Amino acid sequence: MADMVSTLNRPAVADREWIARAQDRCSTSRFLLWLTPWTLLLAAGLYAAYLCLRYGLHQTNMDNRFVFGLWIFLDLAIIALGAGAFFTGFLLYILRWKELKAVIATAVIVGFVCYSGAVLVLMVDVGQPVRAWFTFWHPNTHSMLTEVTFCISAYLVVLSIEYLPILLKNRKLRKVPSFLVFEFEMHKLMPVLAGVGAFLSFFHQGSLGGLFGVLRGQPFAFREGFGIWPTTFFLFILSAMAVGPVFVMLVTRLVEAVTSKRLVRPQVYQVLARTSGLLLTFYVLLKTIDTLVWLNSTSRQAGYRPWEYYAWEPFGTWILFAEIVLLGLLPALILLSPKWRARPGWMLAGALLACAGVVLNRFVLTIQTLALPTLPFEQFLTYMPNWQETATFLGVIAYGVIVYSLSYRYLSLFPQEKELAREGKEASHVS
Amino acid sequence: MFPNVDGFHWTFGHILFLSIFFAVLLTVGFTAATALARMMRNLRPKKVAEIRWHTEFEDLPASDRQCRHALTGAAPGRVCENGFECRHCADYPKFSGTAPEPQGRLYHRGHTWVERQPDGTFLVGLDELGEKLIGAGAQVELPAPGTRLASHDVAWRMGKPGNTVRLLAPVEGEVVETGSREKGWYLRVKPESPWPDLRHLLGGAAAAVWLDREMERVQALLAPAGMQPTLADGGVLVDDLPKAQPEADWHAIHGAMFLEP
Amino acid sequence: MNAETVERAPRRYGMVIDLDRCSGCGACMVACSAENNVPPAHPQATERTGITLLRVVQVKDAASRGVAFIPMMCQQCGDDTPCMTVCPQQAVEVDKLTGVVEQMPQRCLGCRYCMTACPFQARFFNWWDPEWPAGMETTLNPGAAPRMRGVVEKCDFCQSRMHAAEDKAAMEGSREFEYTPACVEACPTRAIVFGDLNDPESDVSRQARNSFRFLERLGTGPKVYYRSRRPWLRTLASRVGAPPKKENGNG
Amino acid sequence: MLAAGWLLFPALLYTSTPQPAQFSHQAHGEAAGLTCDTCHGFTAEGRFAGIPTTESCAGCHSGLLGETESEKHFFANFVEPGREVNWLIYSRQPDNVRFSHARHVQVGKMECAECHGPHGESESLKAFERNRISGYSRDIWGPRMLRVGLKPGQGMKMDDCMACHRDRQVEAGCLGCHR
Amino acid sequence: MTGTRRNLLAFGGGAAAAVAFTPIPWKLLDDVSIWTQNWSWIPPVPRGEITVKHSACTMCGAGCGVQAHCVGGQPFGLAPVAGHPLSHGGLCALAYGAHQMPYHARRLRKGLSRGAEVAPDVALAHAVEILRDARDARRVVAVLDERPGRMVSAMYARLLGGLPGSVYLTPPAPERATAGILSGWAGRPAGFDFEKARTILSIGTPLLDGFGAAGALLALWANREDRVRFLHAEPRQSHTAALADRWIAIRPGSEAAFALGLAGVLVRDGLAKAPAPYGAFSLEEAARRTGLRPDTILAVAHELAGRGPALVIGGGDPVSGPLPRDAEQSIAALNVLLGSEAVCPRHPLPFERPATPLLDVPDGTISVLIADAASNGCALPEAVLRRKLANNAQIIRLSAFQTTAARRADVVVPVAAPSEALEEVTAPACNARAAWGLAPPLVERPEGVYTVPEVVARLAEGCQMPAPGSIDEASEAIQALGRGSTFEFGDASIWTDSEDSGQLEFAALPEIRLEEPSLADGFPLTLMPAGWRGAAAAIPLPPLTTKLYQESELRPGAREARVHPATARDLGLARQSRATAETPYGSAAVSLRFDESVPPGVVEVAAHEDDAARVFALCGDTCWRSAPARLRRS
């Protein structure tokens, strides 16, 4: 019986070999139980993607006006949230913020999951995925999408190279000498990769924003800019950098909640929150200026009367207020002031609001731009995604959760986990 | 992308964009290549062992990495950053003063000991605490005579199926003879130089303090959460701990005690 | 053997559509679909997912109870053509010789970014594979290749007819040729005039002088001009974006 | 793997089927003194007639002129029953390509050999190799996998056309060659 | 064990790396991309000789000239014929899809006997048998011909000659209405000469949207400058109302009142050239019924009288049916009052036989009906036809397509689709000059499918009657006339008659009785079937016309109901997209659209192809033009 008890809340023997000794993980059966809902979601997503690839994109609710729908919105949102990878890497390896060493591994995995998820959805969303290499063979360097394609694929390569050492630190894989040495050497070269990752991400986060800023035909999205980049280019970078660390913090807090373990020291959260707060304030400031310039001069020159953008039913002026003030300024203030940041409840709320603000910004630029009529005789149209689109969307999220759960279980993502566990034991002695 | 492809025109935009993109690809490729090249260079067994020990040492929590001088009170609370390699530690002389070369059994932090023999070879064995931790009936995989060992390298493996522990070699040299648990020693090692530098091993007083500390650590690990730290009651450990307390997480305890994260 | 490479002066094809003559009969829409091998609608196709390279739109003016029909097709924008600058793999090119914005379904990825860029909603995506009832594929126009699903297509001023005219002119060894697109030939009221805007004598250039263009202020330089004696049409065309109705949309 | 890639793969990629009937350009060219455009002519509005029909062959071949085996086979299977020869055309381009022989030959004054290579002097018709995936003849991609140093007539892909257009500075937009 | 496995992995890795240096991945990538450009399920483009053939469009009866660009003999695109006497170089939307009709998804290549598929000759034998029984039992046989005045119509008439009590019918058509009544009154065929007219008033009929030779009229309208003024009176702001110089928005169902009001003004101000019909209205009475201001009616009347030769054209709508009898007669009467030279006599074609309008036949009299395949683009609801048939009546239908009408017929004989057989072409009934021509086939018929003359010949032979003759008799008869002029277009030819110099004298105008519109209680709205020429005709629409109604909002599509936003708001349906339309005769689910051009109080339900039967059922079997209705949230 004793043996039974011990295996109940500990991984099975075969499974144990893969898990580092210091980390106590739940039993294999409980882990599989945790994975099943997500695998089902992933299966549904794959089936929906199969339908779209096999029969064509009429399976979705998109049409000739709403050519970008739920999927492109998903791409923009998760790539913005996945910016934690490049920014945390940049802070840690380039600016030497040592505290972030605790979250760098989870940040890289969150980034990898977001980027690979986005690329997977793009492969389903594009009409002829087999011809994707044409963008590399006949690049149109004036197009923002070429820039996005180049940088996303390059950064995905960089991310997978950054993911490799974390993978190779797995207890069983480390037994292979070549893996061990390769991981050791890679670790030393990480700053170079972090720098390249930051450079690539700087461009493609920006060009994702530039995608909409250059649309001369859509006054709602068109922005003047510096040189060849519209202002949305810089706003997207800023908002991504602002939201990246906070999203990593949210993910880590979520993992702590799910596994009911303390994985990271509180100061790390404070550092992440403070950086995000700082950048968010800067972003909100620039965003307000840009909106004012856009409303008063850019769209006026294009002939679109500014108040007509928000004169249509669902998208009233509340959406502008929500994006800038409610989900922009408020979280910035919360994350900036140490007093609010100290209380975990408020810090999380601030983080959530910040993420929601950036996601809303992506939604507005994708969906509202297409909803507004440009020709005088067109109408304001609405769009609802159907089950195929939502299933693929949830499938990607399930894919992310599965990859993260596997990484959390078999790779040691949190260096401070052991110490915190030991301190936890002593603390429980004291308390 | 390439010049001969139709539609390629040497505009400034093209050149700038493609050159930057190729530069990025080159740097990424170059980093991966240097990592691979260095890997090839370091694949020699001696280097692998060193790297293995170094990475494993990195993963140990700070509390397991106490410097030997912290044990003896010379430098309280000091955490070793050097993988217990006192020979290369710059401020070793600062703390240790000119203590005489300790005699008799010298202990490696991984609970293996070494004893010089009159004929110049060294006997290597597992200390009493280690034997108790692994318990009776554990299989032992000893390296064949003639294999070369580096210090801190994996000397031999012991343990029950599914929970084998690797024991670290306290000294460099060539295995001459293999012993067994009954003999009280496991390996006879012929060192490269007759008088190797053994400063990285604990001996004499430091070893005693270290053994007591390890005893407390084992009790702390074995005690279920919420137990009060009792005073040292001088009790003697049971011979086969895993049999005595099967419900303990031996996987983790062995990891902690034998410095294997 | 190096053929003489005398360059013909590049043409800028354009159209002038007289909105007072357009009767909204839709003959141009059907003729255009027949010419470009556009398949009949898929049963589930709607006005938002169908392919009508030339779309006749009925507009009403509440004040004067006036009604007008506006044929809207690709305007072959000349100044930094929105769809060309955004296409990631150069599937869209402005032809230097004819000024027509060429859309290459063979290279198109189907990313549909050009469709967000086009303010005239003149680009259509093949949501379905083209299907013709049995036997109807014998009525396909040999001058145009049917497009596969997953690519964008648009009006290209009937290149199939231009090619035919080019071949006929080549028989006499000359590079000069004239041709009329399908919609111009099909219009019973001759509302559409087609020609080379670079040639000042052509009637398209003459009529283009006192006519207006849609979304002119966006600066994309469309090459399809519209004419009307009704002032409300001219003001409608000068607007960008539709006036919000009290309660919007149709039901 | 390299060997498989360079040798085995091309063999697997192409199926080769013999032509339904044999034809010697050489015999018709020198012996009968015919030029290309006698059989491969143009119509009034510039449409290239392509491969001659059986009855235009029957014009000269009303009876057996020579005694070669292939002519008897052609005569028995096609001329008498009046059946069209289902030739496998080496240079058949996809539907979306528009190659105007009229502009290239009449206006551009080009020779057939510049694109079709020595096909005009061929003794017999080589087997038609079809690409299993794209369905097009191997003569378009060219004999070698790497498409380097192709002589005229060995490749009819877009790059070959573009190279020739670039040499002659003849601007042809996308819709110049596509439809 | 691990040693070998690791070597295996190492070898695999090495091989994978080496593949990159072989052409395999790159060539596969290129070939697969080319494969996506030439999918096998995308039909290849036909290759061959490009030729031009001339023919005529036979989608409706207007006989517009058409030149077909063909590849290898197969037409791939139609174009108008400049200088054609009937179409004047214009075509309507239906024509440009006509070359695809032979391959329509609903093409019928086999016979149908009570809905079951049978071989064509079995179906024909079954038809002959029905006809023979009817002849023996001396039951009334009728032929329904949507395009009377052809040689085939004469052949039908000869076939009926041998059957006692048989009758040769034609369904209502806008072109034949007013011209038909005027011919009746004048005792000789009369027609309108649009070139001569300087003011054209159309009441309730879409003159500029598919009337007669649509292309010709539109060309006339486009090049009118100030020579011709088009006035249009209709409750709805239809296409014609939009294009007309002046749109007079009369209340639904008040066409007769408007015409009689105009007549009243003409007589009162002494502008009339003939005695007024009994019951002409005073101005106030007309204004009350039509909902117009009295001075509007005054202005229109003076304009008609004052501005040169005027024409007043009625005839109703090809989809929502003819106007009631009194309206038609009052409109025709206006022409008599105006006495304009634009209404002129017309030489009848030598083989022309008078056809009895379907609506004049007493109910329940016909026991065997032979329905001809030709279509004039107008709707003929099932209920209207069934009312004329006896209860055990049998229908023999000649049809090239599977329509609802074909499914309900007892026997369907498969005949040639448009452009599959040599067909006759006649001028629209309202033309001032008759015309006759031949439209050679563009595509050869599938085997087993008959032409109409063949069927008539076999029917005659089956009933041991004299052969009904053949089409080329007509050309001889026309040669015999020795007048008019012939136009040759390729191998299609068309002959137009010369002017008939005679004068039209009209006998006294008949008494026009006007019924009071009865408003059923509980049904506040008026339901009007809406559509456009060919939308609900005997033959389906060409496949490519889906661009007009399904893939764009230019034309109303199936299940679509339009209602004025104000009416919708009053009924609380402002935000609804789905509703149910109910009338005393039935109900139907519709998708609502709000349209200011629809008059308040009217709901227009689109009658479209197969769905039309459902909509006409809503109007009951009286005159299907409108029905009292109400709209309910569904």
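Some notes on this structure:
A, B, C, D and E are the chain letters, set down in written order, and residue numbers restart from 1 in every chain.
In this section, a residue touches a chain if its C-beta (ideal position, glycine included) is under 8 Å from a C-beta of that chain, and two chains touch if they have at least 3 such contacts.
Fair warning: this is a prediction, and the values are worked out from it, not measured in the lab.
A summary of chain positions shows that the Cα centroid lying nearest the centre of all protein Cα atoms is that of chain C.
Of all chains, the one whose mean C-alpha position sits at the greatest distance from that of chain C is B. Taking C-E and D-E together, the chain pair joined by more C-beta contacts is C-E.
One inter-chain figure worth recording: chain B and chain D are separated by 74 Å, centre to centre, where each centre is the mean of the chain's CA atoms.
One inter-chain figure worth recording: chain D and chain E are separated by 51 Å, centre to centre, where each centre is the mean of the chain's CA atoms. Chain A and chain B have Cα centroids lying 38 Å from one another. One finds 60 Å separating the Cα centroids of chain A and chain E. Looking at chain C, one finds that residues 46, 50, 57, 90, 93, 105-106, 129, 144-146, 148, 164, 247, 250 touch two or more other chains. Shown for chain E are the residues that touch two or more other chains, namely 32, 36-37, 44-45, 50. Of all residues in chain B, those that touch two or more other chains are 5-7.
Chain contact summary for the complex, chain A toward chain B: residues 2-3, 5-6, 10, 13, 16-17, 20-22, 24, 136-139, 141-142, 146-147, 150, 154, 157-158, 161, 169, 174, 177-178, 180-186, 189, 192-193, 196, 199-200, 412, 415, 418-419, 422, 425, 428-429. For chain C in complex with chain E, the residues that touch the partner chain are 21, 23-27, 29-31, 33-35, 37-38, 40-41, 45-47, 50-52, 55-58, 60, 62, 65-69, 105-106, 129-130, 132-142, 144-146, 148, 164, 182, 185-186, 188-191, 247, 250-251. Of all residues in chain E, only 15, 18-19, 21-24, 27-28, 31-32, 34-35, 37-38, 40, 44-45, 49-50 touch chain D in the complex they form. On the side of chain E, the complex with chain C involves touching residues 36-37, 39, 41-48, 50, 71, 74-80, 89-97, 99-100, 102-105, 107, 208-210, 214-215, 218-219, 221-223, 237, 239, 241-243, 247, 542-548, 550-555, 574-577, 591-594, 596-597.
Within the complex formed with chain A, the chain C residues making contact are 42, 44, 46, 48-50, 57, 59, 70, 72, 80, 82, 85-91, 107-113, 115-121, 123-129, 148-152, 214-215, 217-220, 236-244, 247-250.
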